[in-house]
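One structure follows; several queries about it will come next.
Order of writing sets the chain letters: A, B, C and D. Residues in each chain are counted from 1.
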Amino acid sequence: MKPVLLWSDALIFLLVISLALFFWRLRHDPQTRERWAEVFSSRLGMVAFTIIAAYILVALLDSLHFRRALENPESLATQEVFYDNKVSSVFDVLTGGMGDRFERTYSAPFALLSFEKENIKDASGRDIRDFPPLRHAGQHLAHPDERTADILVKSVSALLWGLLLCALVITPQWLLLRGSALPWAASWLTQGVILCAGAWTVSISHHYHILGTDQGGADVLYQSLKGIRTGVLLGTLATLVMLPIAVTLGVMAGYFKGWVDDVVQYLYTTLSSIPGILLIAASVLLFQVYIDLNPDFFAVGMEKADAKFIALCFILGVTSWSTLCRLIRAETLKISQLGYVQAAHAFGVSHSRILGRHVLPNVVHIILITFVLDFSALVLAEAVLSYIGVGVDPSMGSWGNMINGARSELSREPTIWWTLTGAFFFMFILVLAANLFSDLVRDAFDPRTSLRRAEA
Amino acid sequence: MLSRFAALCTRATLLLGAALLPGCSDGPWNNPNPESPPGLLTYQSVMSPLPPKHLDPALSYAADESLFLMQIYEPPMGYHYLKRPYELLPLGVEDFPLISYTNAAGEPVDPDTEAVAFSVYEMTVRADARYQPHPAFALDDQGNPRYRFTDPAAGRQYRQISDFPELGSRPVAANDYAYAIKRLADPFNASPMLGFMAQYIVGMEAFSERLKDIPRDGWVNLDQYRMDGLEVVDERTFRITIKGRYPQFSYWLAMHFFSPIAPEVDRFFHNPGFLDRNLTLDWWPVGSGPFMMVKNDPNSEIVLERNPNFREDYFPTEGAPGDAEQGRLADAGKRLPLIDRAVFRLEKEVLSLWTKFLQGYYDRSGESHGNTNRVFDQAFVVGPDGVELGAELAEHGITVAPDVKPAIYYYGFNMRDPVLGGYSEERRKLRRALQIAFDTEEYLNIFYKGNGIPAQSPIPPGIPGFVEGEAGINPYVYDWVDGAPQRKSIAHAKQLLAEAGYPNGRDARTGEPLKIFIDVQSQAISSTSMNWMDRAFGRIGVQVEYRPADWNRTREKLLTGNTQIFSHGWLADYPDPENFLFLLYGPESPLICQCDGANNASYERPEYDELFRQMRVLPPGTERDALVARMVELYREDAVWLFGYYPKDIYLNNPWVHNNKRHGISKNTLKYVRIDDELRERKREEWNQPVIWPLYAMSALLIALLLPGVIAYRRRLRATARQ
Amino acid sequence: MFAYIVRRLLYAIPILIGVNLLTFTLFFVVNSPDDMAASQLGDKYVTPEAIANWKQKNGYDKPLFLNSQAAGVGQVTDTIFFDKSVRLFAFDFGRSESGRDITTDVATRMWPSLAVALPTFLVGIGVNICVALMVVMFRGTRLDRGAVFVFVALMSISYLFYIIGGQFLVAKTWRLVPISGFHTEGQVWKFLVLPVLVGVVAGIGAGARWYRTLFLEEANQDYVRTARAKGCSELSILFRHILPNALIPILTGVVVLIPSLFMGSLLIESFFGIPGLGSYMLDAINSQDFAIVRSMVFIGSILYIVGLLLTDISYTWADPRVRLS
Amino acid sequence: MSEAQHSRPAPGTVCLQVRDLTVTLADTGAAIVKGVSFELRAGKVFALVGESGSGKSVTSLAAMRLLPDALRISGGSVDVAGQDLFGLSEARMQEVRGRRVAMIFQNAMSALNPVQTVGKQVAETLQLHTRLRGAALRERVVALFREVGIPDPEQRFDFFPHQLSGGQQQRVMIAMALACEPDVLIADEPTTALDVTIQLQVLNLIRELTRSRQLAVLLITHDMGVVKNTADEVAVMYRGELIERASVEDFFQHPQQAYSQRLIDALPDLTQFREAAAEAPLLELQEVKVHFPIRRGLLQRVVDYTRAVDGVSLTIGRGETYALVGESGSGKSTLGRAVLNLEAIAGGQIRFRGEAIEGLGRNAMLPYRKQIQVIFQNPFSSMNPRMTVGDIIAEGMISLGLGLSEEARRERIQALLQRVQLGAEHANRYPHEFSGGQLQRIAIARALAVDPELIICDEPTSALDVSIRAEVLELLAELQREFGVSYLFITHDLSIVPGLAHKVGVMQRGKLVEQGTAEQILTAPAHPYTQELLAAVPRL
């Protein structure tokens, strides 16, 4: 086994670590604590956060990549170890090879037979045309009629395992946090549901395709799950990429004013006046060409897809920094008129120190709000971009690619609804949780809304 | 108050319904087609997915475009509609070209001698061929062209062809054919044919060189310049001289490039200011064919109407075997065309196209693409007994027209590649192992719904040189079992792989796994098919890497040979094996000719190249067939392509459309189409009854949403400060 | 006011130059003029001569930004960039790579775009405001919280699903309207019903939620309390006091969009087969037609700038406190 | 006019009676107003006094049933003419508001609808409760405007609120309240946001109308001066309870509660002044000008200047307090900023200890930053909310390079905190944990940290409640005695000058119209503007 560190893996772990450090440093700041406490004091906030955390966990597990070692045939003299070209992730292992169980083509959820007729030989060796049985569904059944009973039995045992898992995960939390004023019970309940669903999924998927298979016979549920990493990473990394630009320029413009302000304003007006989609499309094509021209940089195809993905994040970030920049500029303008910045001037505090100690910490809430607000927007944007053809690489599973590929399947008779449903479900849950959470974060951190509450 | 509100809502709904209903009385609500003019039998079809870019016969080189050009223009030659194999017929000229051969000095010689330096094609224009009515032919009282402006302002009121009140026409002249060929040669037109035809037509290159430097201000009258290989003998007779012998030239004469162009039409479109209003020959074709263009809105539709001046032309009275039995001769002897008008609407989204076809608003599922392979694949299955329609379609009475184009799609090996290329026995075995591992049949079944024929050779069916049955299989990949070809086993492929030095897909010396690189066009490949290929090669332990790129980059790679396995396709211009076998002709390799050559595999085998040179100038016959067979054998031995298939398009026709037989090469088949208008009206009505209840349901939902609000508001108004 | 408008328009010039420079650079990093020629000439028999011809004919035979051969100002002016940009500023968009006159195309395709976008925009605002006002009337109650949750759920659904779902149900299953298409002969509205409906429904979540926030902000202002102290009813407070005041922030977000209505919607137009500028753009991206992309970017930028200007002007109309100078 | 003609209640009748009013927070149930009872009588002004957060405004809003959603009436009753307002339906209540009981609010600018003309806003009240329409309606509004003393009422009808001055806005509010001839007028801090001279006019108007219309007025204020000048009866509210109630005369002569006494003590004593200390000049200003450009036209050229400070000369001696008095917009704060070199000056000279410091660069200014410090008006915005108090105080020490070790610095911070009467343990807390008064002490400590010789106090007490204001002023005076530091004290409130300043300068429109010793200015003002300011100062 040989670990593979893709750029996006590195970035996402970097992000997680830096976020952790950030919160660790802020843990003493009573205001921040208070606001976070406010976010988590609602049950909805807890549930939304737990769901997001579950998605992030899946994304992280799916970001631990490695290549399997190939077994050297006995005849071979060399001791050198060679690796499979295919990159797997820890998540793939945890799902128990869900992604390796291919059928020939479409099959419906929980189906035993293929969705399409095929020329097969019947028992007596004659050529007939019928629905062939699936390779990886219901193999253990003696008779197709047993299916419902079998699913029930398997579900119950899977749920029992799920409950055991819940006990393992939740008990330590309960011991640690039972005295807390926050509604942890809501989170535990959500965790319980997620864990049970996870256990059920993994165990049932060994025997059936829960969400059926797509045209190429790949498991749809597995693809939907693989879309999680793409969605989560895109939502976070794109903002991460734009942060330095937006914050630096915004703060500089608002603080120094004068020609710096003029230049920054010119930059973002220019950029935001270009129809966004055109800018994104042109940039994506540009990166694509760059990657195509330099194939030697990438050892495996996955790295190439990953480079494109990073480029997409980068482009989405670069093309969308103007909004944040504008907000930060306005806020900085306001802050630099405030007493404490004036006082700092009166104390002869240097510009860099004023920016670092007075201005930056006080625009963090804007960054945070933008971060959570943009997250869901970016996840949604990915689907649209994939439709236009400038989304993530087709070899990289994503909800956008799934939707794009499955668009015409709805018009089939009988309808193939499961690909769209899978993508829709996983995307909807993530975006909904993110939206609800971002609402709460904004309510807690936006001075305008908190002011309103203070008045009331 | 609530009841009053409810009453109001009801009244509003009724009013709205009343407003909508009269608008819908003349047909189903969902009719997307504009009303066609009464009395004209209109064929409703579709252009998809993009409108034509060029409609100038000198410029256009795309199937979507020749769909229109071939209805409007009549080139000298054409094909018989029904007969197979394809049979060439005179179309715009009276008879087959009269070919005479001369030596270098221009003296007639015997065609079979080495001395032949030139071939002269003489043709006579049909006497009854006349151009469509067009303002370019309109004359004023003095007999001068009516619409000739010197000032851009003078013609400003004319925005499209229908704006010109006065029309004219004239018979087609021999000079018009000569003029058209000169236009091909005019470098300013940048015709895609120039480079290719200049190799054959005498004087074309010189003509082109000469015109390069003349001043361009408006129209250049090409009649002033002479091209050596062109001779207008009299009003109706012209001659084309080509270098050496080139039997395939007759086929070229059946393409729209050689359609007659009236100089006054060219002159007309060069009126100042016309270009800015898209009044160009590239946009408004003017020809002598069965139809003329009356509307060209690339954003929504193109409308053709019957050319009133069209010559007398009749539905063929004989066809291929079986045609009569299938009723294809029902219209034999009828005057063509059989419809008055044809509307081609732009349709980009396949879902809409499919739905509208099923609703009966399009008569056919497509024109130049059947749209069935990838999109409508659910419509039918290809079973042992041929195409079986899905239940809904069968119920609609939809008919099926399969179309095997003279085309091949293939994945080729780069024969110069250090790993896969080369001509040693080991390399051949390696390539054959890969050929066997790639299960073309399954690939076609999954991704093309079985609509394709696995290629046993580069020559598709319908072309001389294609061999059916056991004799026609590629013996290196297939065995003949029970009357059908059967792909050799994976075990055999593994065996070959081992013999090639890669036991279990690992290099016998270093142990390194064999990894092959496939260059794909990013738009043309889906992750599902990549997954499938991974698995296909995984069975013999070979790993695959994809290098997707856009079309320009892919093309660059092909030109520089920077590829290992590439995908490509070829749609033949004419039904001759030469047009396929040249894909493997050494000098055609981009690396050798330093041009955009067709031999992207860079296959170079001296024997093959020699055979090709001989075959090219031979007339059809057994001698030629033998050469072709040997070349195919060489191709199989060297395993030049990973796999290939002949695409098969399935066209679906609504039950009221008749004469649906597809012609793989010729596009001028619109004139044969017949429509049963009465049946069409009835079926459309029947298939498009709207479902009304959701409207009521939605209104009810709206009210249900409003209710709690109204109730809460009233409660609030009644509230006191005491609980 | 006049001076203000003129000044803003002058300020637009450097922005437009910047926009143009950026698109130009982006495009030519991806493509060389040779690539453009090759992809326009098709896939058979593309000779170097043909490419050279095409480049000459379409004016791509000069250096991109800097002509080192030319003298003096010619170094900058005798380039593709200068040639193509100067024309843009004169609103001469030239011809697309396939030879069509872009100005004509834009002028004709603008109207279908507008026909869809304008009703969507107006109906959307109307519906959103009504819904938001209703919700604001019940602020703080369970009705309010439920509505907000519904809004968030609605905006968590991808736009693609609205379109796909709308087409599938309304057009395909219920056969109430044509599934797609557009023509001006006869009943145009029947093609507009579905796209407008989809556009409006897809926008309710985000729109109504946003308006609700704005209304809530206004509802907490002092003058609302004054109005209540006067004895105004809840409804008249909403319509006569909160709405006019909330119009000001609504205008900022909304007026800037009005000019870009001409540009249409990429997704709606391509799904519903509306021959507008949105699908024009999408086709241009797909076929890498630089002339169109460049023109559309230019037009888009101008419309954006006009939108900003309109926003400022509409401010003076909605808010008597604002005066432009 | 039939609606307007209902019989006026006889003087002294009870028009509104509040009994046991209790208001609680909706979510926690904590009481904000606890069992308050009082009654309003026709022709009398009843003043409800208290500091911010005492519940006085909530009481008035509760009486009108206008509480925000977060608050809830949980007991008591409000009777108007025998009708219990709390028992009415919301629809009926709307008829009472504006018709029987009217209300005016603190900040007229924000209490008026900014996008409606003032005339229409007044007319709306009449439309709601009378049948007046059209020309008659307009006429009536104009008449009301005339009655409340708005000049050019015909024209003003079509003005938007922002086009009127603060005093006129408040007059519009009053006109709106009086439009339907209510019996009861509730005035919630009607003058707080106004300049002192305007304050007086508005109060006089309310007073007058009370008499002429026999209104029963509930006047809510924190300003004892206002009470003294306007009210007939006083009630003091403290933490949600009425702790004292008396007639005005009784109240000021014999306050029953210590808290009341404190409130009364905060009124200025115009008899005691500090003698000008004839020390050497520390800061000298000569003809200082600060101009802000006005840009106009196509190219935004500078066409003129706003002369914010227009030639001011003054001298401050060591250990001396110089009070710079003026109304908002007079340029006094700009002058302070100019002295701090935070604002570029357009002319004149600023000398500190004889050295010219105007126009010094960032680095050249550094040595003087140690000596000139500042305290700002709003204590909440002058502390970075993300820094601990210790860090805030230490900032100056670090950046001005006092060269202290970390240990020494910490000790000094603790000493400073203790000096300003805060605990040393407060150093690790964040600003939002402190009250306004405490924050202003911290601001003082921050200024003191670098041992300045001059502190510019820019309205340091105007955001504070009266009782706390006195404490802060006292602290400042103490520190002056202790460290010999000088103050440039910028204020709009002449009443705090006695007992604080040695010298006083009065600023109006960028110019220093009069300056002299505190005694001179407060006892014998020469300039009419000074006289006007002085007239507005409430006295005992």
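One rule holds for everything that comes next: a contact is a pair of C-beta atoms (placed from the backbone, for glycine too) under 8 Å apart; a residue touches a chain by one contact, two chains touch by 3 or more.
As the structure is a prediction and not an experimental result, all values here were calculated from the model.
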item	value
By mean Cα position, the chain sitting nearest the middle	C
Centre-of-Cα separation between subunit D and subunit C, whole angstrom	49
For subunit B paired with subunit D, centre-to-centre distance based on mean C-alpha positions, whole Å	83
Geometric centre distance via CA averages, subunit C-subunit B, whole Å	35
Centroid spacing, where centroids are CA-atom means, of subunit A and subunit B in whole angstrom	42
Multi-partner residues of subunit B (at least 2 other chains)	351, 355, 716-717
Subunit A, residues touching no fewer than two other chains	285, 289, 389, 407, 410-411, 455-456
Multi-partner residues of subunit D (each touching 2 or more other chains)	68-69, 91
Graph class of chain-chain contacts, one of line, ring, star, complete, other	complete
Residues of subunit D touching subunit B in the complex	65, 73, 85-91
Subunit B contact footprint on subunit A (complex, rising order)	70, 72-73, 75-78, 80, 82, 84-86, 102, 104-105, 116-119, 127, 129, 214-218, 285, 288-289, 292-293, 295, 300-301, 304, 389, 393-397, 401, 405, 407-408, 410-413
In the complex, subunit B residues that touch subunit D	716-722
Residue ranges of subunit D in contact with subunit A within the complex	68-71, 337, 340, 342, 362, 365-366, 369, 372-374, 376-378, 381-387, 392, 395-396, 399-400, 430, 432-433, 443, 446, 450
Residue ranges of subunit C touching subunit B (in the complex, touch as defined)	31, 35, 38-39, 41-50, 53-54, 57, 98-101, 103-105, 108-109, 112, 134, 137-138, 141, 143, 167, 169-183, 185-187, 189-191, 234, 270-273, 275, 279-280, 283, 287
